[in-house]
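Going by the order they are written in, the chains are A, B and C; count residues from 1 in each one.
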């Protein structure tokens, strides 16, 4: 009898022993917007690698659709329970959170990992705010004019380097019933891309950056030059008709079906086409309009930040260190054809197009992030609406410039 | 006596929850409309400035007008069509149940799917609409339905009508089942034409259902948001913008939460006015019974 | 004789007209199904409304796995069912009080519940987020259950109150004279008689709560709590959306709603106008 009474006590006691020797795993919460198929896979792979290297850590990866993420992040950052690490874009958007005190600096990690040596100098300006590191650049992609090699070959066309050459290519294509440029402007940013490039080529990247930051009025004559060139293209059927009816992907169909030859777009265009079409795609730098103007490129950069109220700051910083390392960046380069800032990642992991892109960037004088990443969100949204109006009514460009200026006045006041 | 207090025992719990989760936040929204707030830092009290700005805001007026166009079309097309279909399907037709389900099915599809598919119907080059028009020789009617500011609003409303009609039909069907068929038979035997039967017997007896249909239709059209957000985001340059979408954009894209709250308050007041008159009417009916 | 023949031809004609109409009506639905069974590559190459070369279930598979639909569907149920039961119960309580008892604040409270039907919920997003954060139920099932449950009380109370007013007073009078407590009257008489209205409301509310997406977006941070609608949304890429997968996932997510609808349909049609007096 005595033994019988003892047994349950022994059982409980031994269970307690067992449990007390099991160490509780730490949890790291990472929220990203990498919802596209390729980045999603790559991000998951990254997390797996980190968990392998750190068996005590359990990483909770939460992937949210891009548009939704932009709204949800504001909610997360102001809650008492934000994630430990979140993905975000460089530029004005990152600065916004820094200014509001919602993110934590990790300058200690930057120095420990010697990132000054490993990451090109150009990236420091988007990572540091008031001498503290807040943003870790992780991957970036370039924009260029993508084209169907087979169509170009059929009509004996070469990659145009200057504006005049581009117009010639366009005319030849039109003569043969092919629309020069595919585009879908329903969600406006594709039109903003055209504005960026025309502005950078005509007026230079410094003017472009100042305009993006709201320091130059939209009624400036130099802006008028951009619209005039653009107007020429629109009025001379260089773009598909009814562009505003299509999302960028729907616009891409014209290219995949062979009805259009070119598309000014980011590198991810490759992920949206079939393998056959991918093999037929190539790209060239947006043609030079003015030889004397420095060359700028849009180089949207994605990266990571740590919320100020992160529950596990030490763990978060460790993850940031991992993301800055070769191991943490290699997957994105290898599997996605994206570019990564860490110079130590060997060239071999890049595929041919990526190497071409890399070379293009090395020969660039200045970098911008992209219209809606460089500009204040309200100003960006309202002026992009006006860009759409311009597309519909190109000859009204002067009154549209004035309306854009009104937006700038309202937002910058 | 005892009776006077007992209602509170029933109302206590629902009221408390309702006050905390709905009334409280609503009042807070009214307060927000008097501030300037980016959603992250603290709100900044600015009095009625938002309302003054709204007064001069052309986008606000465009959205308002669009809402009323939406209301008008909704009151005409889905209501009449729904009623017509309900009357047809209340008779003994083969496969009536299947037809009813088919016409109601849009209500079950997710708005994001409806938006996507209708964008492809309106697709200028590969879309069903333009291709059909060309096929029957009406080539000149083809256009960019969603990209042309003159047609975009109607195109979006078209998709919404497609969805709403089934709902209306169902409501009218329910109302029709409460009309005794013998009444209609008697009228027919007496020589009343189909139109007369409809006008003098069916319509009056359908009144309760009609009132519900009208109220729900009013609310849906004034509250419209999903399709605009999915199909056009309010574009091309605000020609399809409606108040609920405008409020959303201001609050969540421009981070002008205070301004968005002001738009929401105006929307609420408009809807409340409509509904108040309806309720008064219902109250009169209840009292007269 | 002549009339019956006329009738027969008329009915046949109506049937045919309806058939054609419904076929045209269903074209978009057909388009959705078409998209769900095709690959992205084929759509990009061939267009949307063309006859498919190859049909496959791949999109459904991808939606299920990439979209974590098994977890998300479970979450949807965990959120919807308690919210549904909660709102029906609380609304019945409130509706009963408003329908049965004559007191000064009756109309005012009724208007207050009705007012709740009219509020564009988007403006409540941030205040309710702050509230949930404050109460510590942010990023949990409870946050969503509470808002869904309480927000629907407005409409449900309105609906049930109108329905309950059609129940004859004599029933409750008689019960009172027999010594029944007020709560027993509610529980034993009014609730059972309200079954059709409750079933109708249950169907509608299930659909609305199950299909909600924005509340989940604002009140949930971790994927493991997300309902199916929010989970599906994460299939939308920043740049690239696989339309086929998105549509396939949406169709899968619709199935519970369809099942509930079919199951409760007979009550649904009957119950909808029962609150209107006749």
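Please note the rule applied: contacts are C-beta pairs under 8 Å (C-beta built on N, C-alpha and C of every residue); 3 or more make two chains touch, one makes a residue touch a chain.
None of the values given here were measured: they were computed from a predicted structure.
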{"item": "Pair with more cross-chain C-beta pairs in contact, given B-C and A-C", "value": "B-C"}
{"item": "Centroid comparison with chain B (C-alpha atoms), farthest chain", "value": "A"}
{"item": "Length of the line joining the C-alpha centres of chain A and chain C, rounded to whole Å", "value": "38"}
{"item": "Separation of mean Cα positions, chain C and chain B [Å, integer]", "value": "16"}
{"item": "Sequence positions of chain C contacting 2 or more other chains", "value": "47, 126, 233"}
{"item": "Shared interface positions of chain A, touching two or more other chains", "value": "71, 78, 253"}
{"item": "Multi-chain contact residues (two or more partners), chain B", "value": "39, 123, 126"}
{"item": "Contacting residues of chain B [partner chain A, same complex]", "value": "39-41, 119, 122-126, 143-149, 232-233, 235-238, 249, 252-256"}
{"item": "Residue numbers on chain B that touch chain C, as the complex places them", "value": "3-4, 6-11, 13-15, 17-18, 20-26, 28-29, 32, 39, 88-89, 91-95, 99, 102-103, 105-106, 108-110, 112-114, 116-118, 120-121, 123, 126-128, 131, 162, 170-171, 173-175, 177-178, 205, 208-209, 211-212, 219, 223, 225, 244, 247-248, 251, 257, 260-261, 264, 267-268, 271-272, 275-276, 279, 283, 285-286, 289"}
{"item": "Chain C partner contacts - residues on chain A that touch it in the complex", "value": "29, 31, 33-37, 40, 60-68, 71-72, 75-76, 78-83, 248-249, 252-253, 256-257, 266, 268, 271-275, 277"}
{"item": "Chain B partner contacts - residues on chain A that touch it in the complex", "value": "71, 74, 77-78, 100, 102, 186-188, 241-247, 250, 253-254, 377-378, 381-382, 385-386, 388-389, 392"}
{"item": "Touching residues (chain side chain C, partner chain A) in the complex", "value": "41, 44-45, 47, 66, 126, 129, 133, 138-139, 217-218, 221-224, 230, 233-242"}
